[in-house]
Amino acid sequence: DAPLSLIAGPCALESRTHALEMAGALKEIAARLGVGLVFKTSYDKANRTSLSSARGIGLEEALPIFAEIRESLGLPVLTDVHAPEQCDRAAEAVDILQIPAFLCRQTDLLVAAARTGRVVNVKKGQFLAPWDMQHVAGKVLGAGNANILLTERGVSFGYNTLISDMRALPIMAQTGCPVIFDATHSVQQPGGQGGSSGGQREFVAVLARAAVAVGVAGLFIETHDDPDNAPSDGPNMVPLDQFEGLIAELMEIDEVVKARRAG
Amino acid sequence: DAPLSLIAGPCALESRTHALEMAGALKEIAARLGVGLVFKTSYDKANRTSLSSARGIGLEEALPIFAEIRESLGLPVLTDVHAPEQCDRAAEAVDILQIPAFLCRQTDLLVAAARTGRVVNVKKGQFLAPWDMQHVAGKVLGAGNANILLTERGVSFGYNTLISDMRALPIMAQTGCPVIFDATHSVQQPGGQGGSSGGQREFVAVLARAAVAVGVAGLFIETHDDPDNAPSDGPNMVPLDQFEGLIAELMEIDEVVKARRAG
Amino acid sequence: DAPLSLIAGPCALESRTHALEMAGALKEIAARLGVGLVFKTSYDKANRTSLSSARGIGLEEALPIFAEIRESLGLPVLTDVHAPEQCDRAAEAVDILQIPAFLCRQTDLLVAAARTGRVVNVKKGQFLAPWDMQHVAGKVLGAGNANILLTERGVSFGYNTLISDMRALPIMAQTGCPVIFDATHSVQQPGGQGGSSGGQREFVAVLARAAVAVGVAGLFIETHDDPDNAPSDGPNMVPLDQFEGLIAELMEIDEVVKARRAG
Amino acid sequence: DAPLSLIAGPCALESRTHALEMAGALKEIAARLGVGLVFKTSYDKANRTSLSSARGIGLEEALPIFAEIRESLGLPVLTDVHAPEQCDRAAEAVDILQIPAFLCRQTDLLVAAARTGRVVNVKKGQFLAPWDMQHVAGKVLGAGNANILLTERGVSFGYNTLISDMRALPIMAQTGCPVIFDATHSVQQPGGQGGSSGGQREFVAVLARAAVAVGVAGLFIETHDDPDNAPSDGPNMVPLDQFEGLIAELMEIDEVVKARRAG
């Protein structure tokens, strides 16, 4: 069992400057902690609650920024894709293509992402049982790509609420794919603020500790230097200045748990 | 309150011959009962559980069949679209564009469908609260199209199970959009057969009676002359030879309930 | 299929005068409508959210009032019991002993109620699947009493919310026991007001219509002449002056549905 | 933050010999690990799925066995009570009175348990939100007893399934009461085997690791030397020969997490 890795970054790619600053800051933290880091950011928020919510800078404007982060900082980059025709283009500049949870059963998107040869990270739908992710992974594998990550981000529990089933982590691991726990979207409250989604930032650390103790390959955590003014997912992003302390604790738990497994 | 209308047909467009036979049979039933009918069928099953499941004949092959049903039988046609670029093409041959439940928050798809000027029927996501559909309808409306139907088709309840919240019908009606109850997919058991979804056909009539008694503009019911050998949704389609009896009872309940409202 | 019956009354037995007034008013309504009526009221609210909430007048003070309602008005009476030792005493003065939902698996209570020989109405626990009620009914039957009613009153759906699964009605009917739909507690929001439970009175008629259209032996509806000042369940009781109109509509739906079944 | 404590033992008190053997074995394990131990066992299974399921040896027969375990082994003992009149009697021989989850809102039982002066451990109902446990604790406190433990054991999630919300642990801790995680009943599948409850023993360690990483005062874990032949809860009890290894790992995680908090 390899030690814990991180997928981290701001929810939305707000600007070249902001993305580079955030990536730089996260690179330093990861170096100090000795943890593997993938930089995550989105060029388009394609399924906002309301039409009036901000969408993002778009794929074409984002590509050179992704490339610059990879080249200047040496960080692998992850972004999410929303349509089959975006996959090839995005794959030129990023290392991991992410399939959003709502789209996790869209065969054409999964196949198109798979065919790029990039790692494909599929988020488990809020409406899906963990054992059903084997069929989702099967679509990527069937398209010739075995580099698959599966990410847990909560399951529907009543209205406007998600709940994290920690049993989902070992169940999804039975596919043989590395399993990631998304501690940011697991504390989202979909539609919980009327025209936008709410979140419970105070539970990010709680659920992340739980997932790491259960055993995961990696954590997905969105972070921001000013989350309360971020264009999306502000209520559930971790403030950047709390990020290092959080990860340090999670690494300690990871070490205990994986030493046991290895021992 | 107008009397109950129907959206009905086989889940998948299997062939020109089968579609015309089904549409013809349904037209006769609707004429005997005096009920408005929209013929529904899908050219692509874009989110099957498994990669190996049948997809469908595709949009280009379906378009002339849709046109023939409209022209030769005079029936309005509904089909579902899965990507923005399909909307204009599908709108040439059908009257209602349907947005699948998993895709009900994909802004680009909603806007593209809206811009065709056709009626847009949005299925409520299995992960969505009924009051959140106002924002979904707002995306279509904000794109300049006020011809919106909202369809209830169950909400996630534990794993591999949906439940129908009858309160959702009046809540969604507060948007001013006609509300449809999909009695076929509400009894689906997502992923319930391992590599495919199961269903509980025996509860279609149960839930349809409930929804009509609550009060809806229309019902969405898939039907097939041989559901146990249908390529998709067989476990939850109503056999064609039981369809007329079912609808006759539902129309009686509808009449009682709407006479009260009018009275 | 016999026509719809009613179990109705104020949640709590507030005083002799109030109970007799309510029972008298309900008897007149039932006579006008030609519907069977059981008068329901509780002498003890044994599981209030908070210690400070009102409990009720108690069994000993209630018994003569129950007896007076039966004798002076000729109405059968239902009340709920909370401990085995209350069953014999309550059975002296009432026709139906009701087992509260939280207590529906307490074997000693079920057996004690069964042994009185009175009809036993068991409310399905908010935590129970409908098919599990056969085992609950089996405990009453195994104690020698076949006069069993099973009542649906919603199932847990996320936090502080219940949802009504209309499939539960035919599933529970497979036991052979008459099935009652409790439209009052199905719209309860447990703990929804912090120190007490909330409710959605506006959905009582919605869910009652749905249940009657599905097909039930009876309805359980709490009503009060001044629900907003009632000591318990005020938010979900129907105002007495709306009761007759509501029941008249439900009887019409019941007639349509049961004529079909009989036909 | 005190180190993790344990509440452990076989689900049912099967016989004096078996109880003493189990208590002795657990005492030795706890001594080797240096962990605090309360011995748990039940004299009555009062809410079995079916009437034909075994009930237990009863309170009167259990009392001298509880006393013997306390005296001969020096272990504190916990048992569950089901009716107010059992509380005083049970309190003579045990240290902690436990309120079963289904009964967690029964005011009379909570008050009677409180008045014994013994520690009261209340299990959170499968139908209750974690923030509603403050009112449950308030009933015990209002009866003059501040020695309250609150135990999480899963919440209803669809039918026949529980799910563990790790956010419930810090939410319940806001009451100031020590919070226990019951890893045995959290993996129960209520009614999951038709006439009895099933369970997923393989997830006991998974959920226990998660809960300890989140931070709890103690764990409740049932264990048995031959769980597959135990009279109740066999499917979710940990085999005794795996108990020590499990607890050792959990103590390591607990140490890391609580050192952080203290540091």
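Going by the order they are written in, the chains are A, B, C and D; count residues from 1 in each one.
Simple rule for what comes next: a contact is a pair of C-beta atoms (placed from the backbone, for glycine too) under 8 Å apart; a residue touches a chain by one contact, two chains touch by 3 or more.
Nothing here was measured: the structure is a model prediction, and the numbers come from that model.
Participant: Note the shortest touch-path length, in steps, from chain A to chain C.
Facilitator: So the least number of steps between the two chains is 1.
Participant: Pick out whichever of the two, A-D or A-B, is joined by more C-beta pairs in contact.
Facilitator: The comparison resolves to A-B.
Participant: Among the chains here, which has the CA centroid at the largest distance from chain C's centroid?
Facilitator: A
Participant: Report the inter-chain centroid distance for chain A and chain D in whole angstrom, where each centroid is the mean of the CA atoms.
Facilitator: 36
Participant: Could you tell me the distance, in whole angstrom, between the mean C-alpha positions of chain B and chain D?
Facilitator: 48
Participant: Give, as an integer number of Å, the spacing between the C-alpha centres of chain B and chain A.
Facilitator: So the centre of chain A lies 33 Å away from the centre of chain B.
Participant: Counting only residues that touch at least two other chains, what does the list for chain C look like?
Facilitator: Answer for chain C, listing residues that touch two or more other chains: 157, 159.
Participant: So what shape is it, when you link every pair of chains that touch: line, ring, star, complete or other?
Facilitator: Topology of touching chains reads as complete, every chain touching all others.
Participant: For the complex, which residues does chain C have touching chain D?
Facilitator: 46-52, 55, 82-84, 102-103, 105-108, 111, 125-132, 135, 138-139, 142-143, 155-156, 159-160, 190-191, 195
Participant: Along chain D, where are the residues that touch chain B in the complex?
Facilitator: 157-159, 161
Participant: Which of the residues in chain A come into contact with chain D in the complex?
Facilitator: Contacts found on chain A: 157, 163-167, 169-170, 200, 203, 206-207, 209-215, 249, 252-253, 256-257, 260.
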